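Two complexes, one shared chain (chain A), two partners (chain B, chain C).
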Partner chain A sequence: MPTEAVQPSVTPAVRSAVIDLLYRLADDSVILGHRNSEWTGLGPILEEDIAFSSMAQDKLGHAQALYTLLHELGEPAPDANAFLRTTEQYRCCELVALARADWAFSLVRQFFFSEADRIRFELLSQSAFEPLAQLARKLHGELKYHVMHGRMWMKRFGQGTAEGRERIQTAINAVYPHALGMFESTAQDEAIAAHRIGPSESEMQDRWENEGGTVLSDAGLTVPKNVKPVYGGRAGKHGPELAALLESMQRVYRIDPNTQW
Partner chain B sequence: MRLAEFHSRDHGPGDSLAQSDTAMIWAALDTVTDPEIPVISIVEMGMVPSVLVDGDATVVRMTPTFAGCPALDVIRQNIVAAVKNAGYENVRVDVVFDPPWTSDRITDVGREKLKSFGLAPPGAACGSINELRIAEAACPLCDSTNTTLESIFGPTLCRAIHYCNDCQQSFEQFKPV
Partner chain C sequence: MSTDTQWRVFEVFHQQSRGEPHIHVGSVHATDGESALLMAKEQFGRRQACVNMWVVPADAITETAYEDADIFEHGTDKSYREAFGYETTKRARAIGDTRDI
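Here is the complex of A and B:
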């Protein structure tokens, strides 16, 4: 989307590290955006239909901006990047790719993701890679609405009826191992920290466990303990859900990649 | 006055424009509106931090309201058309995130126009996650502040839905971001 050539000259090591990080951020955004868009027209109440559609639209916008930064670093154009890569080439975490299941599941996933997303972009606004820092400062303002949405519902369900509390707790327990997978490291993490491109995954996970955990405890919900994270997504090892999603998301584009939209 | 202020507040690369060109281009930009809120111009929205010259091209720097706003492409096309119409053949729109757009960039005139359109203007943008601050909206119909936040998401990305407890009408607010 930005057409201005803003990136400073970067060394090959910095460039590789930035590209690795940007693919994770962009792929998480486009895949979660697509998953949440599956609630459009199907939300349990009108306000939630609109909320999930809006958050989906936000995340697709974030993905477009992130893919544009990648394009400025010599990677494929945003549409080609999103619509022509294979499952193995995607670097999203498994959390975002999981099928939408029931609304409790999608809501809890969104809550866990938004809490991490806000922390991530808050810290990235200090990135030494200035184009990413600028974008992070912009996106951070939008993400506070996603966080408010998730926190409001955790509180409502935690203090609501027994059935609501039970369904949300069931979803929390099911989603949690995948949520921990958001913080899977890659081979570039040392370079990302060394060049001050972004925070370490463990730093983000500590903050996320602390801040997200407080929201759940305050709501009377239980944070699962001693959970083994589901890793693999950051290395391109995905379950069948991502392949199914991409088959649907990319089908029309792949019919004629050169067509003018 | 506003033109000079905008021009000096944010700096970009490239040469500066002659005074007469500056006035012509900003006047042209002041005719470009957001298609979803046609009463307010992109200048009043604070979406144009600066205009500059890059070789033969007139460059309009545009900072988007919401990254996912579907109106951006249309606005970009309308900027090119308006500036061309003012006599500048070679026009480019650079989408930038520096400065990041926030609702604090909307001018006072812009806020009045939002209200006349039936959209409550945003309060001061806050970086923190504060539902109470976002809930503060004066009813654009009766000016009451006895209002309730109904939904932080609305019919477009930039709008929240409130309810006025005095005139008992739902209304939309341009979100503080």
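Here is the complex of A and C:
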């Protein structure tokens, strides 16, 4: 598709801001989807295995849709974008790249991410960049389910056995600094808010802390205080986990990028 | 059995559109109704249309025994009791159901 025809009113400033935002959203989605898909066949019970895998598939679908919006703005095609970029070119937060660890860790990561994801796309459904607003409205139902799923488990573990509560609290404490890293701002943060493309990262973080924190408190779990966020991902500075993930995820595609699938 | 770590079984019913009857589609293991619904949504809701879902604890269902299936047989011709003669049934069939009676 020709790039300018899609959104004739997009100024260069808006375009840069939208592209910056879309890369962060798309990269978070594809990496989290890939990470969570590692649980397929290994989930603690059959039903949860299927539910968790299905949500991982949802995230890959969101990534595909977001990369498609990028392509319409003149960026590379979705497959090339996901499978040929290097670690440094990825703009995901570190939270999604971390190794899957134990079930409590992956579940808590998914819970923290979904809470932010739903708030973000709810606000993006009013975006001045109409293609993104339309997509946000389309994803509403899936994200609502992801939140219901996460909250259900937090409540069960918080109010269940001592062992369950301890393991989930340990995971919350370990994941929290990385979860705060979701809201690392970029140079485009002001432009994104000013052009009403989407919420600022500080607005996002306030709402996420408020809503997610309430879920945990209601479940009898403790929200960590005075935590230093882990930043770097939005600037392309990643730990070894992302490099390992991309090596695995991109290996087959890179054998022959021109193959027709 | 003390070694049984399985959760309770919930039978799952889905409704494909408002006004349609709920149809039994399978079962899930869960600790309670709310988590059963969330599990059932992914097991059974993702492959076809669904607007509403029920889960019912399997142990809440009272059933007949198959050896008593004969109680449903008619000893004499009771076709006069079947509902085919009613005007509403005929109209309903004229609207949407072309199957043979």
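One rule holds in what follows: the second predicted complex is superposed on the first by the 253 of 261 C-alpha atoms of A that agree within 3 Å, B and C clash if a C-alpha of one lies under 4 Å from a C-alpha of the other, contacts with A are read in each partner's own complex, and residues count from 1 in each chain.
Everything below uses one rule, namely that a residue touches a chain if its C-beta (ideal position, glycine included) is under 8 Å from a C-beta of that chain, and two chains touch if they have at least 3 such contacts.
Since the structure is predicted, the reported quantities are computational estimates derived from the model, not experimental observations.
Considered on the superposed chain A, chain B and chain C are sterically incompatible, since they clash. In the superposed model, A:156 lies in contact with chain C only, and not with chain B.
Contacts of A:65 after superposition on the shared chain: chain B is touched, whereas chain C is not. In the superposed model, A:252 lies in contact with neither chain B nor chain C.
When the two structures are aligned on the shared chain, A:101 is found in touch with neither chain B nor chain C. The partner that reaches more residues of chain A, of the two candidates chain B and chain C, is B.
In the superposition on chain A, A:77 contacts neither chain B nor chain C. Shared-chain residue A:42: touches no atom of chain B or chain C.
Contact with chain B, but none with chain C, is seen for A:139 once the two complexes are overlaid on the shared chain. Residue contacts after overlaying the shared chain place A:147 against chain B, while chain C stays out of touching range.
Residues common to the contacts of chain A with chain B and with chain C across the two structures: 47, 50-51, 54-55, 145, 148-149, 152. Contacts from chain C toward chain A in the complex involve residues 7, 28-31, 34-35, 38-39, 41-43, 46. Those residues of chain A lying in contact with chain C across their complex are 45-48, 50-51, 54-55, 145, 148-149, 152, 156.
Those residues of chain B lying in contact with chain A across their complex are 61, 63-64, 66-70, 72, 92-98, 100-102, 125, 127-129, 131, 134, 150-155, 157, 161, 175, 177. Every residue of chain A that touches chain B in the complex is listed here, in rising order: 1-4, 6, 47, 50-51, 53-55, 57-62, 64-65, 118, 134-135, 137-142, 144-145, 147-149, 151-152.
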